[in-house]
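Common to both upcoming complexes is chain A, partnered first by chain B, then by chain C.
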Partner chain A sequence: MTAAGVRRFLTRTYLVLFFGYLFVPLGIMGAAAFNTSRFPTVTPWTGFTLQWFPALFADQRLWQALGTSLIVAAGVIAVAVPLGLAGALLLNRLHSRARTFLYAVMVSPLLTPGVIVGISTLVFWRQWFGVSGGIFLTVVAQASFIAAYAMLLFLARLQRFDPSLEEAALDLGASHGQVFRRITLPYLMPSVLSSALLAFLQSFENYNTTLFVRGLETTLTIYIASKVRTGLTPAVNALSLILIGLTIIGAVVYEIMRRREAKA
Partner chain B sequence: MTEVLRRYGPVLTTVILLAVAVWIVGLVVLPQVLMVDFSFRPMLPPAKIGGPEDVYTLKNYATLWTNEVHRAIFVKTIWASALVTAVTFAVCYPIAFYMAQVAPRRRLPMLVLMLVVPFWINELLRTFAWYIILAYSGPLNILLVALGIFTEPQRLSGGDVGVIVGMVYVYILFMVFPIYNALESLDRHQIEAARDLGAGWLRIHRRIAIPHAKPGIAVGCIMTFMLAAGSYAVPALLGGPQSRWFTEVIYNWFFEGGNWNQGAAYAFILLVLCVGFILLMMKLFRVGLTDIAK
Partner chain C sequence: MSRDVQLDRVTMRFGSLTAVRDVSLSIGAGEFFSFLGPSGCGKTTLLRMISGFMEPTEGVVRIGGQDMRGIGPNKRPTALIFQNLALFPLMTVAENIGFGLEVRGIPSSRRKARVEELLDLVALPGTGEKKVTDLSGGQRQRIAIARALAVEPSVLLLDEPLSALDLKLRQHMRAELRAIQRRTGVTFIYITHDQGEALTMSDRIGVMRAGVLEQVADGQTLYDHPATAFVAGFVGETNRFTGTVAETADGMAALDTPAGRLLGRNPRGLGVGDRAALFIRPERLAVDGDGPNRLTARVSHRDFEGSFVNAFLTGPTGTLMVQIPHRGQSDPPLVPDTDATLTFRPQDAVALPWEGE
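The block that comes next holds the complex of A and B.
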């Protein structure tokens, strides 16, 4: 075998191993949803069943948790997307030190462990406003870092925006409000959608931050974690499989939107 | 500032400034400042707050030093997170290099999608997958016994090893993408030229690829370390009472020990650790904050 041949063989082997490593664990988890064993496992394989799916749908607390997750996610979208938009609009027009400083403060929650975002929110709201954990604080805590993701998406799109469009409209006598409504906002619409989707996915899967600010509320992720620790049955795998399916659809839609946007 | 006003007009500018102020002051800065302030105060019953006993103290920080169990967990969290970061880098660098420099361009969109999709799957679910794999009668034990590596099944989860293995899997993609993005901007001809001039593959990576990827490597390491040190889900699912993580100690101060001031102090220590790691990476890789916060 030539040196190039050896290299190609090694590369192939590595790729197979890497993607195997990435996907086989998820496959095993999914497969366990169809095993009759009362405890989620694929070894030993005791027989094929679909019983865990109806068992899942009969679980009232699960539906409640799903409802809580959806309410929180809607709240996060409503807060984080406008904040991210405002942040990007401001940063895009600033130069120099002020911009660097503001940017650093805005993205700092992304470099902070999620538990600390949760803790600081919890302490602040209790000390100043006497508000304790619950849906409201969960929305606030999650939005404080998800707004940064939204801001980054808006900023990326604004940097490709031709500012002479706005200038021309202003010169032709349009009011600032009109320019924003008729030119800036329509241009940013794809980013509004993709940041809303990103905010939804981020909020829906959040665990570390939510854990501290949830109070007595249970989101879906919290519910799954409590199930794994107490009362684990393959119904959790069935739920995981459904969530993975939905996530794949969401991720593919998001990727397509992002790529289309990058081209536009 | 005048440009902002000129572009957006007085009404819109006011709205924008208000929103940004609410965000950075109300949601980011004040909570952090208050958490730190809180961590330097003793825990008091509500009646005594603001009274003569409510003074600044280092007591909450001293606890970490005097409590041997907590100190050991803290030290373990540091080295285990560093280990997770190093292993993750070793696993990810080749795939990032392959995608950026070797893969045919038409195959890239598919490769990126194959990486993005598991990235979006809930951290908890990816951890749960390893919970099944590492179980005593689980597939990994069966495989290792069949291969003759173990003579009988071993306890794989419930200890530090399980937690570290799980973390590498869960945080791997936070390492791949920054390195890939950095390497992507390296001209493929540069590597060809080096090879034509007789450089071996080791030298190509050491002298060309890795120096070029430095900002990406720094970002990848920072993200991975921060996520590992701040992880709650992975140690909660894959660890046991013998392998507690620092975040679990913090959680206990809040919701079992009922001493929030103490918990806030530990949380701030964790934050300082992460900021310290960021500074260390910036120094090691000689990159600035602007390279990192892109």
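The block that comes next holds the complex of A and C.
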């Protein structure tokens, strides 16, 4: 084999291994949703069935948990996106030390382990305000670090923003509020959407922070984790398969929209 | 509201740096005034103080006699045309032009009529529904002007708006700007480092250097009667001879320079022994003429420019530039690698104080 041939061979092998590593577990997990076995497994393959999907839809507690997850996610979007936007706008106008300091404060929840974020939120609210765990605290705890993600997205877009557009609007007589509504916010709209999506995904899949602040509420991730203890059935695989399907559809739709926008 | 602009001892400091130093000036209503100077001379800072984006450290800006201290850019009767135009990319042409009216709460039917009017004024009728990104450089330029004029400013401020255009378009837009200014009667304050732009468009020009307003005059006065060595060197081409004043009499001065004793006007009243520089324009130098001012130099090369020829000579003071009109003579003077004698009339040259560079 030539040197180029060896290189090509190695590259291909690496790619196969890499994508295998990513997708084989998902494939096995998905396939197990169609196995008649009572446990989520593909070996032994006891026969093909669709029974786990009706079983999934019959699980009332799961639907309740999904509802809780969606409520929490909506709350997190409502808190984290405006907070991230405000932080990014402020950071963009500050200079030197104040900027470095505020940036560190805003980003530190990202670097803090989720467990710590959860515990400290609970301790803080219970001791100072007498608020115990529940949907409210779950939203607060998740938003405290998801806002930082949103802020980073806004900052990235603001970096390409031409500040003379705001000055031009101001010069033409617009108030600061009008400048924000008519110039800054429309420019940031794509980031508002993408940070809302990111906030949703982050909130929806969150486990370790939620665990401490949920009180008596059960989100979907908490419910699935509890099933691991009480006995997992392939219904969970069926649920995962549906979620994967929705994710892929979402990604495809997003990509189509992005390409259309790029063309326009 | 009256449209005149007054700067009263305006100073702007950034920390230890003084960007604008003690500028006092009165710009008349309906005047086309240009600030001319190299980059970093403080002209943009001056413009931002007039438009309200900056407050002077000292001094007062008055527009129509009204003190502008504490009045923000959105409350001033000025409109600024940005160097990069700053057209709103997410809005159509009509939305851009109508923006100033929209934020003033003017109903859309009246807004529409006004936008049409302005599109006619800038000779772009029917383009209202286009996106600004679909327009050419010159068209974007005009939309920016229309957008600024829509709010009926008393004063239009222009920050080197032509610098991004190519030469042909730039020359065309100069005439266009001048015509729009005459039609609307709005006071134009124009900022540029391009003396050609300043000279062709302006009623008066203020030449700035290092935050100081060096001279305010119409273009011809700046060219023929510069008040400082900087103005003489910055506006138009010139030849400079530095030396010491040897004699003065009747408004004239004689300088001892490396090229010999040279005579010129003495408008600033230089005294014997003062350091000075004598300036003479390339087109005022004659080949083999008469008079007391004579220079000998070696011709290094000639550039044929069509209606004239630029010749460059090497003399005792460095390179000399001579401009000779071309009238079809088959045997032009100043052949490269020959010596030539240049003369000039003392009244064509000006001696000015010189501190060295």
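Rule of thumb we're sticking to: the second predicted complex is superposed on the first by the 249 of 264 C-alpha atoms of A that agree within 3 Å, B and C clash if a C-alpha of one lies under 4 Å from a C-alpha of the other, contacts with A are read in each partner's own complex, and residues count from 1 in each chain.
The rule we apply is simple: a contact is a pair of C-beta atoms (placed from the backbone, for glycine too) under 8 Å apart; a residue touches a chain by one contact, two chains touch by 3 or more.
Please read all numbers here as calculations on a predicted model, not as lab measurements.
Partners chain B and chain C, once the complexes are superposed on chain A, both fit on it without clashing. By the document's definition of touching, neither partner reaches A:L216: not chain B, not chain C.
In the superposition on chain A, A:S175 makes contact with both chain B and chain C. Between the Cα centres of chain B and chain C, as seen from that of chain A, there is an angle of 100°, stated in steps of 10.
Of the two partner chains placed around the shared chain by superposition, chain B is the only one that A:A104 touches, whereas chain C remains out of contact.
Shared-chain residue A:L26: touches chain B; no touch with chain C. Of the two partner chains, chain B is the only one that A:A251 touches; chain C does not reach it. More residues of chain A are in touch with B than with the other of chain B and chain C.
In the superposed model, A:P113 makes contact with chain B only, not with chain C.
Once both complexes are placed on a shared chain A, the shortest Cα to Cα gap between chain B and chain C comes to 8 Å. Overlaid on A, the two complexes show chain B and chain C touching the same residues of chain A, namely 175. Put simply, chain C touches chain A in their complex at residues 51-53, 72-75, 78-80, 82, 84, 86-90, 99-100, 102-104, 147-148, 150-151.
Contacts from chain A toward chain C in the complex involve residues 162, 164-165, 167-175, 178, 182-183, 186-187.
The residues of chain B lying in touch with chain A in their complex are 1, 3-4, 7-12, 15-17, 19-20, 22-24, 27-32, 34-35, 38, 91, 94-95, 98, 102, 109, 112-126, 128-133, 135, 137-139, 142, 169, 172, 222-223, 226-227, 229-233, 236-237, 247, 250-251, 254, 260, 263-264, 267, 270-271, 274, 278, 289-290, 293.
Contact residues of chain A toward chain B in the complex are 11, 14-15, 18-19, 21-23, 25-26, 28-29, 32, 40-44, 82-83, 86-87, 89-90, 93-94, 98, 100, 102-109, 111-116, 119-125, 127-128, 140, 143-144, 147, 163, 166, 175-177, 180, 201, 204-205, 207-208, 211-212, 221, 224-225, 228-229, 236-237, 240, 243-244, 247-248, 250-252, 254-255, 259.
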